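Each structure below is given as structure tokens.
One chain, chain A, appears in both complexes that follow, with chain B as partner in the first and chain C in the second.
Our next item is the complex of A and B:
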């Protein structure tokens, strides 16, 4: 394990930013943490997590995918893809780090999504262990240990120092960027922190959230449950939960008329919206009940059924905090789960 | 209060006056309350709640609920009653199918403001006098209620119920708590400063549509922004002005109909002060056409939908220097 005094955090960021673009959580003027590009003078937020997830850096809300330039009877098709620059995403929490592996299953499965793949290949994720989880946290239900976050390099802030450990080959390579600042350290402070966090996790109100009963064999039973009506009844049909979710990955492809051609872009889509996956025959999900059910069936049944049992949720708790009517996946699991 | 409301709801269910109750249902951690339609005494027992976190304005749900069979009991806070009246005026809710019980409101709390004190791991919140006692897994904390109100409650426009069939608790007065102070600050900015202010705020928009979907004034069967044939439909920004346009169009569309219930700002996940756009238009209407409060009653013709010879001329705005 390697460490650096917290008093030298600015030196660390300066050294990293000198080599690659560095993005980390920053407090905004409206009292929320958001990932921002680091530049001299920027302080890292101490908030537990950002309002928007870190997925934006691999799967942005909007991106142009191809341009069609029209001149007379000629249409020129322009491939707008650019190789991503190298960048470092710093201070990612364990839940968000796990979300990238879920997105990978979608976007890196053949045929791979080249836009996503380029960013994943050029991005290095440095995670930061949680020490003060909130009541909305339930990552442990998905086998995530917030005190032992994955990513390419893991970091812990403990007793005035920041500790680092490379996890992946890429991490071992990239830690070289700032290795000159680090010195060898024993891991006793980190070990103590992990034990303390484990004790806190056990006390959280959602620590016992049980996913028993959510598996491929239960598809029909869960799909037909009469309880969806009650759960979805007051849903506003907004897209807040899907847009702040680190694992929601649905998108739409749209054309923008530039006046002298077409800019084809893709943008996040939400299964909560009435025109989601609209087809020539119309909308396949007529009511909010069906749209609502789709979101949770996808995360808790369909996704694990197709991905070796891995759920499409990491328990980050963003939807618990942000849903305008406080309806969320934890309430769905409690209502529909087996005893 | 909660117990009196629940008892009254049970009585009205039992004597057949209503067959459903629109209220609030308890969640996992005291503050995460969900609007709910209760259909039986058992359901009321399982989760009916009325506390400091029942901020949701329930009026809009009555657009669909009042068209169902039977009569529904709706519990409305003073500010919710303005939305209710406005919806009645617009023929969006069927008044005869609703029994309104007005309920006293001392202001509702914003959990984010409580958490802004560094409080997390909340397992319980008790209201005691002028403060909250917050129990967390990290220990007990206290927070002054005055520091934890929703924005709209810090400048509450009225404690008066403008409509009710029955009242629980006290009816209050229309208040003047300086809700236009921030609008006046923005008006005092230079044009460039103001432009930068709004570009900065609106640039955080993620187009989740929560503001629109929660808004009691937004009850179009199909919103122009969801209509592919409108030429304005977009799920995400095709250019950097898209979100700005979305919010400006919305503010203009609810002009004269917005009661300033503040739900748009309450639900915005990005903390954009959307209510300021609406309040600017309300203030302009007050200044140009005389004081007008949408939702105050169900009959008065709104200034923007009525013509009088005394109406402000379009040039008036130019005389104000674009403000």
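Our next item is the complex of A and C:
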């Protein structure tokens, strides 16, 4: 394990930013944390997590796919893609780091999404261990240890120092950027922190959230549950949950008239929206019940059915904190799960 | 960078055929000549008019056609209305092929085939029918039951009458919903007609049409002794990407665009009833 005194955090960021773009959680004017590009003078947020997840850095909210130059009957297709530049995402929590591996299962499956793949290849994720998980947190239900985050390089802030450990080959390579600042350290402070965090986790209200009963074999049984009606009754279909969710990956593709051509772009979409599956021939999900059910069935049954039992949720708790009607995946699990 | 499936290729429309009052068949080639890509019967392609939109269509021509691809498209929304305004010589964009296609070289081989189609539902089946016609020795008898609202709504009528009906080993049974002048063929709905015709229950059935037609035809076939494992159909839901990533066309854990669009009817039983 390697460490650096917290008093030299600015030196660390300066050294990294000198080599690659560095993004980390920063407090906004209204006190909400969000990932931002670091530049001299910027202070890292001490918030537990960012309001939006870090998925933007691999799967941005909007991005251009292709341009068309049109002259009369003639169309020219212009590939506007650029290989991503190297960048470092610093201070990612364990839940969000896990969400990248979930997005990988979608976007890197053949045929791989080249936009996402390029960013994944060029991005290095430095995670930061949680020390004070909140009552909306339930990452442990998905086998995530907030005190032991994955990513390419793991980091812990403990007793006035920041500790680092490379996890992946890419991490071992990239730690070289700032290795000259680090010195060898024993892991006793980190060990103590892990134990303390585990104690907090065990006391959290959702620590016992039980996913038993959510598996491929229960697909039709769960789908037909009469409880969806009550669960979805209040849903406004606002889509907030999908936009702040680190694992939601549905997207729309649309065309935009630039005045001298057409730009085709994609943007985040939401299965909670009434036009999501609407066709001229009809709509298989014409009520909010069906759309609500789709979102949770996808995360808890459909996604694991296609991905070796891995759930499409990381327990980050953002939807618990932000849903305007206080509905969320934890309530769905409790209501529909096998007790 | 590697090829990106979302970035289309150009397609040149070389012929537009008016099939019915609301169905046109578009012939598409690569601007350099020849087909835009190879496909198997039942697979689909994303067609688009830049600035208007992009949507998934079944490829109605057979893979054995080496010169061009055809798409029979019903005018029913924004993009299809624009497509219907196109003339030969215009350029569109195309990407694909997408989906699994029918098991023409495995499960269908050596079987007696019964095709059941309603309206524009003939489009994906035409690809299979013409594939089978071109490799006649590989398959048993072919029966085609095809129905539509009226005579003028029968897609590919000329090809059905002039080619399919005249071929040995192929029996075509046409029906329309209501009596009309100049029609001396069968009148009635497809599901009832299939039942009346009383086909041998050893046949492999390929069915496509409005959901209500599929539902009642399947029920009738089962009553007659057919098993769901003998019946294949092809599905359609809204799609954006074509490769199982945009999250739109799933029924349960299956994506129509990549796990389908072709399903055996017993496989559909395992999926939630949301289509």
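Here, the second predicted complex is superposed on the first by the 338 of 339 C-alpha atoms of A that agree within 3 Å, B and C clash if a C-alpha of one lies under 4 Å from a C-alpha of the other, contacts with A are read in each partner's own complex, and residues count from 1 in each chain.
Basically, a residue touches a chain if its C-beta (ideal position, glycine included) is under 8 Å from a C-beta of that chain, and two chains touch if they have at least 3 such contacts.
Just so we're clear, the structure is a prediction, and the values are computed from it rather than from any experiment.
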*chain A superposed: clash or fit between chain B and chain C?*
fit
*Arrangement angle, chain B at one end, chain C at the other, chain A at the vertex (C-alpha, nearest 10°)*: 90
_Which partner chains sit in contact with A:252 here, chain B, chain C, both or neither? Use first/second/both/neither._
both
*Which superposed partner A:160 touches (first chain B, second chain C, both, neither)*: neither
*Pick one for A:233: touches chain B only (first), chain C only (second), both, or neither.*
first
*asked:* Contact-wise, after the overlay, does A:106 reach chain B, chain C, both or neither (first, second, both, neither)?
replied: second
*After lining up the shared chain so the two structures overlap, which partner does A:135 touch, if you call chain B first and chain C second: first, second, both or neither?*
first
*Look at A:269 in the shared chain and tell me whether it touches chain B only, chain C only, both, or neither; answer first, second, both or neither.*
both
*Would you check which partner chain A:306 touches, where first means chain B only, second means chain C only, and both and neither mean what they say?*
second
_First (chain B), second (chain C), both or neither touched by A:320_ = first
*State whether A:77 touches chain B only (first), chain C only (second), both chains, or neither.*
second
*Once superposed, minimum distance in angstrom between C-alpha atoms of chain B and those of chain C?*
9
*asked:* Output the chain A positions appearing in both contact lists, the one against chain B and the one against chain C.
replied: 252, 254, 269
*Residue ranges of chain A touching chain B (in the complex, touch as defined)*: 28, 30-32, 48, 51-52, 61-62, 132-136, 200, 203-206, 233-234, 236-240, 242-244, 252, 254, 256, 263, 265, 267-270, 273-275, 320, 322, 324-328, 330-331
*Quick one: which bits of chain A touch chain C in the complex? Just the residue numbers, please.*
65-66, 68, 70, 73-75, 77, 79, 81, 83, 106-107, 109, 111-115, 117-118, 216, 219-220, 223-224, 249-255, 257, 262, 264, 266, 269, 271, 276-281, 284-285, 290, 294, 297-298, 301-303, 305-306
*Residues of chain C touching chain A in their complex?*
1-10, 50-54, 76-78, 80, 89-93, 236-238, 240-241, 243-253, 270, 272, 274-275
*Partner chain A, residues of chain B touching it in the complex*: 27-29, 32-37, 56, 61, 112, 116, 120-123, 136-138, 204, 206-210, 212-214, 226, 228, 234-239, 263, 266-267, 269-272
